[in-house]
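Shared between the two complexes below is subunit A, which pairs with subunit B and subunit C, respectively.
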Partner chain A sequence: MANHDIRSPLPGTFYRKPAPDQPTFKSEGDAVAKGDVIGLIEVMKSFHEITSDADGTVSAFAVDNEEPVMAGQVLVTLET
Partner chain B sequence: MAIGKLFIANRGEIAVRIIRAARDLGIRTVQAYSAADANALAVQLADEAVEIGPPAAKKSYLNVEAVLKAARTSGADAVHPGYGFLAENSDFADAVEAAGMIFVGPTGDTIRTMGDKAAARAAAQKAGVPTVPGSDGVIGDLAEARNTAETIGFPVMIKASAGGGGRGIRIADNAEAFEALAAQASSEALAAFGDGSLYLEKMITRARHIEVQILGDGHDAVHCFERECSLQRRRQKVWEEAPSAALLPETRSRLCDSAVSLARSVGYRGAGTIEYLYDDATGEFYFIEMNTRIQVEHPLTECITGIDLVAEMIRIAGGARLSVAQSDIASRGHAIEVRLNAEDPANGFMPFPGEVASLRVPGGPGVRFDHMLYPGYQIPPFYDSLLGKLIVWSDSRENAMIRLKGALSELEIGGLKTTAGLFKALVDDKQVADGDVHTNWLEPWLETNSSRLTE
Partner chain C sequence: MPVKVITAGLATTIQDLGRPGYYHLGIPVSGAMDRLALRAANLLVGNPEDAAGLEAVFMGPELEFTEDAIVAVTGADLPPKVDGEPQAGWTSFPVKSGQVLSFDFLRAGARALIAISGGIATTPSLGSRSTYAIGALGGVDGRAIQAGDELPLGDSAGAVAGRSVPELLRRGPGSAPELRVLPGLYRHRITDAAAEQFFADSWKVASEADRMGYRFQGGQALEFVDREPPFGAGSDPSNITDACYPYGSIQVPSGTEPIVLHRDAVSGGGYFMLGTVISADMDLIGQLQPNTQTRFVKTDMNGALAARRDRAANLDAIRSALA
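Showing the complex of A and B:
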């Protein structure tokens, strides 16, 4: 078992849900396939989907919902 | 009461603009800033600055309690809301006044009336301002709706009451298509919004966006002529001009007079803009909405009239009457403004926050650059992408275009992708040079000219 980090390609605000009243895209322990959406980054009022670049299981989110992130910052760690 | 200390509840280029106007009036400034804006140009230029919360606008610039508390603690006697954020929040305007400070803008009640589509339309009609022909409110059964559609004239837009931002709109070209589309639109709106009610509006195929700048002091109101903002992408203005090249003098005077009657009828206080659709085919204009704040493109009006709109709105807020009479206000020459956004036009206008590596600012007669930049400034990703506005003025539209081309060649913002490349292409376009554009012109142009947008 190895760890794989998904990093934010953009600076902005990280969202774990598609909308405030909807469930999170992924939770800890969920299976993730390559291409699955794990969250959104809002940059300058436009939203960009963050997709997984690997298959695995979510071991931990490094950033909370609605928290600011820098480009290159780890968003989520997968167990692959 | 004259204002001694002004609290600026905004950021970016407009905060810088407000600081400059206040300084000219001998007013001290307090700049509000979020944790992401500690290094902002406005924070450096203001007399004082106070942090109001974390980067997210919701927790800082949109946080009414935090803004009010900071304003009160700073000892400010007035709050300028700029544009966006809390500028058209009627409850905020009320709360500022309730806290014993002056809101630089109209009363909460005026903002409330003009912010409600139906109430604003009714106010316009009452003042004798033409509105877009349509159903008065929600339509009843299909037969009645069909009659209404025929009275308005096809093509007709069918809109969902509960929709917005272009969602749930259908366009019917004739009576037969109308019945089928209205039934569809109703069931779709019911499924999407839980409300199937519809209203109708005349479809204007070639519309220009023309708006009139007004100033009011609560007693009297004047207009400062019009601006045209027909070049839009996703309903966002990108290039604006004053005056409009499309209007005949007689239409211009009817348009501007109608804006003054609406402003007078609501006892308007401050700077405001009344927006119209202008039908190129018929020469008719129709009220769409009123913006009860200073607008991004206000410098155009300042260039052609010589009036400092931001200073005037602060003076009026301090209790002064209008400093100009209608007969003193003349329009001279032609001004063009382009919005420089941190977006990459060659890559679908992808936002591009980054660090300003270098900056070369254009200058010379008739050139103005209102912006928030300095070398080494890191553009925060949390707010809109507007970096600044390049405004040029000359004696004619043709000469203003030449001046714009020159100013764009002088401007260099290193380290960022900006919309400058878009304007370098547009300034050379024949249709733009001829003023032969409308609100749906730019998007198809972008699709066919994407290869010209690489700098």
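Showing the complex of A and C:
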């Protein structure tokens, strides 16, 4: 088993849900396929979907919901 | 067509130094958010300072070149790569026909200016190639670049790789940037205590920050002076009878979150303005990321003009270094 980090391409605010009243995109232990949405980054008045660039299983979220992030910061670690 | 857009980045736009002269008709100047960075990038690749380049915000595009060119990337620290090989910022480097220019993750600042020898040669609108997306002017069909676009280049004037702007002449955002403000024109609408508090508070760049304006959060709400609303003004204490909005003017709707208007500004409206960020610090705003803590610092006209001279001297020094 190897670890794979998904990094934010953008600085902004990270959201784990598509909307406040909906469930999270992914939780720890969930299977993730390449291209799956794992969260949103809000910046410049719009929301950008962050997709996985690998197949695997979520081992940990490195950033909480609504937390500010920098470009290049690790959002999620996958076990691949 | 010399440059093919493989991926466009977030909101990568063609910008030159803008289209002055139409603001009274509601068309803003537009142009590079960081004008010094665009001028420097153009000088590095042998272009006129006002040639059109690309402004990439937060993330870079991927561009495939179909002819040899010289490229320079200035402004934000968004490390360029040619076929995956890292290249230095503020330095001209060659991109051969068939090679791909891409970018690593943003390290500092917000907007990288990408100049290509010959300049981007799209059709100008109202004398400029700058993209004003809301007005569908300039750029590629009035919009940001997108995957599949092909960007024409002008004739290169004989660019050389390996030229570099000396580090002391580059300006990025400091760790706690300060924006200098000339108070007025509606400063009288808030109390003296509120004005002092505004300059004492720390303000964080909000996510609502783009080419039109930058919103800030986190300071205390402003206290207004009581009044009867004048004819034409709304009942909110931050309303005025509609007036012209200068570039850099700071409006504070309902007194809570200041907005500094930038290159794609609206030209007028009904919010009071407590002051104007001086022209010398407008480039710096264009390099602020969301969540950056900033302060507004009061200056006066002499201070603003001295700062403008400093910026002009900085540009002259870059010109001399690259001459």
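Things worth noting here:
What we mean here is this: the second predicted complex is superposed on the first by the 80 of 80 C-alpha atoms of A that agree within 3 Å, B and C clash if a C-alpha of one lies under 4 Å from a C-alpha of the other, contacts with A are read in each partner's own complex, and residues count from 1 in each chain.
Quick note on the criterion: a residue touches a chain if its C-beta (ideal position, glycine included) is under 8 Å from a C-beta of that chain, and two chains touch if they have at least 3 such contacts.
Here the structure is a predicted model, which means the values were calculated and not measured.
In the superposed model, A:P18 lies in contact with neither subunit B nor subunit C. Taking subunit B and subunit C in turn and counting the residues of subunit A each one touches, the greater count comes from C. In the superposition on chain A, A:G72 makes contact with subunit C only, not with subunit B. Of the two partner chains, subunit B and subunit C are each touched by A:M44.
In the superposed model, A:P9 makes contact with subunit C only, not with subunit B.
Taken together, the two structures place residues 10-13, 43-45, 68 of subunit A in contact with subunit B in one case and with subunit C in the other. Against subunit C, in their complex, subunit A makes its touches with residues 7, 9-13, 42-45, 48, 68, 70-72. Within the complex, the subunit C residues that touch subunit A are 10-11, 57-59, 104-107, 110, 207-210, 289-291.
Chain contact summary for the complex, subunit A toward subunit B: residues 10-13, 43-46, 66, 68. Those residues of subunit B lying in contact with subunit A across their complex are 36, 54-56, 342-343, 351, 353, 381-385.
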